[in-house]
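Letters are used for the chains, namely A, B, C and D, taken in the order the chains are written, and counting of residues starts over at 1 for each.
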Amino acid sequence: MSSHILPKRVYYTIFAILLFCTYLTVQIAFLDLGALNTVAALGIATFKATIVVLFFMHVKYSTRLTWAVVLGSVFWLGILLALTMTDYLTRVWRHYG
Amino acid sequence: MAGRVDNLYFFLLAISIFFSVLIAGLIVFYAIRYRRRDPDSVGTVLHGMMALEVGWTVIPFIISMVIFVWGASVFFAISRPPDETLNIYVVGKQWMWKFQHLDGQREINELHVPVGRPVKLIMTSEDVIHDVFVPAFRVKADVIPGRYTNLWFQPTKPGRYHLFCAEYCGTRHSGMTGEVIVMEPSEFQTWLSGGAPEGSLASAGAKLFQDLACNTCHRPDAQGRGPVLEGLFGKTVQLQSGETNTVDEAYVRESILNPAAKVAAGFQPIMPTFQGLVTEEQLLELVEYVKSLQALPQVQTR
Amino acid sequence: MASPTVFMPPRHYLNDGYGIKSWLLTRDHKRIALLYLASVTFFFFLGGAMAVLIRLELATPVGDLVTDETYNKLFTMHGVMMVFFFLIPAIPSVLGNFLVPIMIGAKDLAFPKLNLASWYIYVIGATFTTYSLVTGGLDTGWTFYTPFSTVASSSNVISAALGIFITGFSSILTGLNFIVTIHRMRAPGMTWFRMPLFMWSIYATSLIMVLGTPVVAITIVLVAAERLFHFGFFDPRVGGDPVLFQHLFWFYSHPAVYIMILPAMGVISELVAAFCRKQVFGYKFVAFASVAIAVLGFLVWGHHMFVAGISVYAALVFSILSFLVAVPSAVKVFNWTATMYKGSVSWQTPMLYAIGFIGLFTIGGLTGLFLAAVGLDVHVTDTYFIVAHFHYIMVGGTIMGYLGGLHYWWPKISGRLYNEFLAKISAAIIFVGFNLTFFPQFILGYLGMPRRYHAYPPEFQVLNVLSSAGASILGVGYLLPMIYLMWSLRYGRIAGSNPWGAVGLEWTTTSPPPTENFAETPIVTWEAYDYQAPVEHHVA
Amino acid sequence: MSHDAAAHHEAHHPALAHHFDSLAQQSEATTLGMWVFLVTEVLFFGGLFATYMIYRSWYPDAFAAASHELDVTLGTINTVVLITSSLTMALAVHAAQLGQRKLLMTFLILTMILGGVFLGIKSVEYYHKFAEHHVPGPDFQFEKEYIRHAQLFFSLYFVMTGLHALHMIIGIGIMLVMLWWSWNGTITEEYSSPIEISGLYWHFVDIVWIFLFPLLYLIGRHAH
């Protein structure tokens, strides 16, 4: 729907942020931060994904229903990951072999 | 144990009968009491009563929580074996059960156990997922390839009880049955001593330990390149990666099959993998052998 | 019925174009519903035939009718056919497709071409699965657990998995179509709380179809990758975890059982309202109960794996959540019962099916509590207690609901009335045959007879013979509706637009309805199931 | 679902399907349809991410060792290529909304080219894997210590990037159709929703890669 036409410069700024974040995530990967590496990598990736969703996919200006669908998909992915982890984090005997 | 499961079962049966009869009775009664007498009659309007709705949401919730707590307590009892148990190893293989007592007896599809003593089965599978199910003891546990699962029961009455495979495992899944034979302790001893042809599991493990040349690196005098195994079982060891790890069946088995996964601190990951070189039975023998190695007295008598 | 003019409209969707092309390339949701009706019925009887063979085999303790190899293929195909090709598509694709646009006053579904595509995808998926049935069958069970399905099974796992994978998309497209239609194409005045409860349950079912099916799709891709390219995802020899397969599989397959039961609950809400001529008691609670079941249904899959080696802590988490999902179902049953209080309860066949449903679903649901209690589940899982539980929900619930709905909307679909007397007899036969088949299995289960056994110890024989006897009665019971419904197409009395005197947009248009459903888009001013408003305003 | 005069003007618009009341209702429905489809895609890849998460938590060192075998520079270039294609796609949508046909077609072609470049680089990487025997199966070679768990990593690598590449190919196919519709005038300023929803699909495929890149390529790089 030609609901909300964004000015071109919004796209270019978002593009620049995305490139910078890519550069950032690659640099951080080469520093030894232990467990923080994964947190940083996922954090940056989530940030990049959110700005793509909000601006490139116009969700920022879309109906509340679209918001519900987007948040719903993330929530259901969370259910799958979280409840599976309730099993794997608390298994007493180690896996091996 | 069977008693506790039965009590929970009868409690639930009572609740189910109560609610089924209630609902079935009500709908049949209403169907008859308010049956349509003339074709155009319309039902009287009843405005929903919030109290009723909340009532029949909260009450089933409370009942289900009671059942949950009771079920959980029974499950805790089932899933945590007592400390002192008679350990028996079980290897499930496509369509047969192999049992191994610690003193070396091997049995196929039959398991002799003494009455009155808690028995713990330590189980693994050689191919697909199986499941040891003894209906009389109300116990069941899947047998998964690649790791040990365990199950415990305490028989109270001598006799012969069915043992089924309860996880579909292929063509002769229904043929993969066996029998648990519960005997008086005295009878069990005679049976035990009668059939021990090639010595205990640990002794078989010791022989294997030499054949596979494990002793070249694992020496009692700590000169070898591998850690000293005497008295190691049950202790916690420091790992290369800084974590600590208790030495139990799973750790011994993993270190044989996949040595580099959890290298002990101060040692190089040079041990070759034995994956595919040792069968499940041989693994059990080695584990028993390591368990049987007592800590040496301080003086190096060997 | 007392409606003034009983006539068959000259032009309606059935005679709006003739010939194969008008059916195979139709975009009319009503015709697509009939295409689904034909294909779904075919697979119901194919799966049913296998069930009869299984029961015949189990009449004797020794496996003597068929070899154990064939028996394993029989119960696998019975499971696959019934679950993926009958229970999941039946009510949503047949009754849902036909009624969703009419019940909300729309001309058609949001994406008619996608709707036809979803039927073709269903047929392609079904062809693959039938191919694998004909050329040697599948012996992994409908659950195709690894490492048996990936390493040990030598049957046509890939072609059957491909069939199920493709049919999954037909389910996704149907769900997607319903969600968009309900959100975007309701007639003016048709607010969410004026929609019939069948729509609420179809909406909740569509949510599950869309959110659950993709996960079983990826699980099948992983199993296929493991079989074809040695990508050992679930292979313990490479460090994979077979229990992870079960997590991914049941993440979809438990919500799938709610895909099967929720539409049937929707049908029952309609039947109880129409045949008591009363607003369903606690309309909002029943509506939200459907959505609650859909959401909570995704949190409970672990109760299929209590003995499969998951940790004690996880077992308790899944157990408590499983008890939560039981509460909305209980609320629905209580509300149906309360609706019948002081209603004008007619004893026509659809209502008999509804009463049968409520009774049997209550037993099915309560036995579910046995399985959610972990301590008890350890003993009864993988035994005939489970088989009895889910058949009480699937056969006692979904199929009773499906037949009730089919009978209730048959006049609207075909414009003809079926023979009431014959219908009541077949309903009674089905009720008796069903209980005789599956109630003994509860006892068998507690005595410890495991599932999927080709031969069993002799002491279980008596109950098994009872169950086999019941199965043959049930088989006959299901054949009867086929006969008198087909008969009614030719010789049934003309139904007229509202034979039951029910309230609902579908009863305001002619039977069978015109291709665009309504002469002009209706404006809805009355609440759902408002039987107090003057009757004539409901007849278009 | 407004019943005002505008509906009559749109009533005969070629692209308006018979069962919709207005173009606005139709494009709202198609957009919602695409978003619901993207939910299924999120959960489809979600199953893979769950598998990845568990096996990486079980075998961190093997995954780190195997991840070092992947070429980070090629991965980074691919990420930049895909983000640029997301930009050109967004600009294509922008042009379609303003009815600038020429600009729309150039951006669509640019997006397809960038997609092709991505697939090219991907096939180069796949070739390296085949050459170095890193494809799980009988002839899989890797350092002795992690030979078995590395196979898990590479199985995940091939299935995740393979499915992603498949979705990329489907995306390019959609772009071709959009190019054809833009060329023959189906797409106008009034009726630009097909471009918008293909844009949604393309951005989604880009988001999947945004997560795949760090998870597969950047594990434990510091040890390198």
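Just so we're on the same page, a residue touches a chain if its C-beta (ideal position, glycine included) is under 8 Å from a C-beta of that chain, and two chains touch if they have at least 3 such contacts.
If you're wondering where the values come from, they're calculated on a predicted model, not measured in any experiment.
A.B. asks: By the touch rule set out at the top, what is the minimum number of steps from chain B to chain C?
C.D. replies: The distance in steps between these two chains is 1.
A.B. asks: Using mean Cα positions as chain centres, tell me which chain lies farthest from chain D.
C.D. replies: The chain lying farthest from chain D is B.
A.B. asks: Busiest chain-chain interface by contact pairs, anyone?
C.D. replies: Here the largest contact count links B-C.
A.B. asks: Just curious, how far off is chain C from chain A if you go by their C-alpha centres, in Å?
C.D. replies: 37
A.B. asks: Determine the centre-to-centre distance between chain A and chain B, using the mean Cα coordinates as centres, and give it in whole Å.
C.D. replies: 40
A.B. asks: Can you check how far apart chain B and chain D are, centre to centre, with Cα atoms defining each centre and the answer in Å?
C.D. replies: The computed centroid separation for chain B versus chain D comes out at 45 Å.
A.B. asks: Show the residues in chain C shared as contacts by 2 or more other chains, in ascending order.
C.D. replies: 183, 211, 215, 236-237, 239, 241, 243-244, 247, 251, 312
A.B. asks: Any chance you could list the residues of chain D touching two or more other chains?
C.D. replies: 28, 32, 36, 39, 43, 46-47, 50, 54, 58-59, 148
A.B. asks: Which residues does chain A have that touch at least 2 chains other than itself?
C.D. replies: Correct list: 65, 72-73, 76, 80, 84, 95, 97.
A.B. asks: Using the touch definition up top, name the residues of chain C that touch chain D in the complex.
C.D. replies: 106-112, 114, 172, 175-177, 179-181, 183-185, 188, 210-215, 217-219, 221-222, 225, 229-233, 237-241, 244, 247-248, 251, 516, 521
A.B. asks: For the complex, which residues does chain D have touching chain B?
C.D. replies: The contact residues of chain D facing chain B are 59, 61, 144-146, 148.
A.B. asks: If you look only at chain A, which of its residues touch chain C in the complex?
C.D. replies: Spelled out, the residues of chain A in touch with chain C are 65, 72-73, 76, 79-80, 83-84, 86-87, 90-92, 95, 97.
A.B. asks: How about chain D: which of its residues touch chain C in the complex?
C.D. replies: Touch list, chain D to chain C: 1, 3, 17-21, 25, 28-29, 32-33, 36-37, 39-41, 43-48, 50-51, 54-55, 58-59, 62, 135-138, 148-149, 151-152, 155-156, 158-159, 163.
A.B. asks: Taking the complex as given, what residues does chain C use to touch chain A?
C.D. replies: Residue list for chain C touching chain A: 183, 211, 215, 236-237, 239, 241, 243-244, 247, 251, 298-299, 301-302, 310-314, 317-318.
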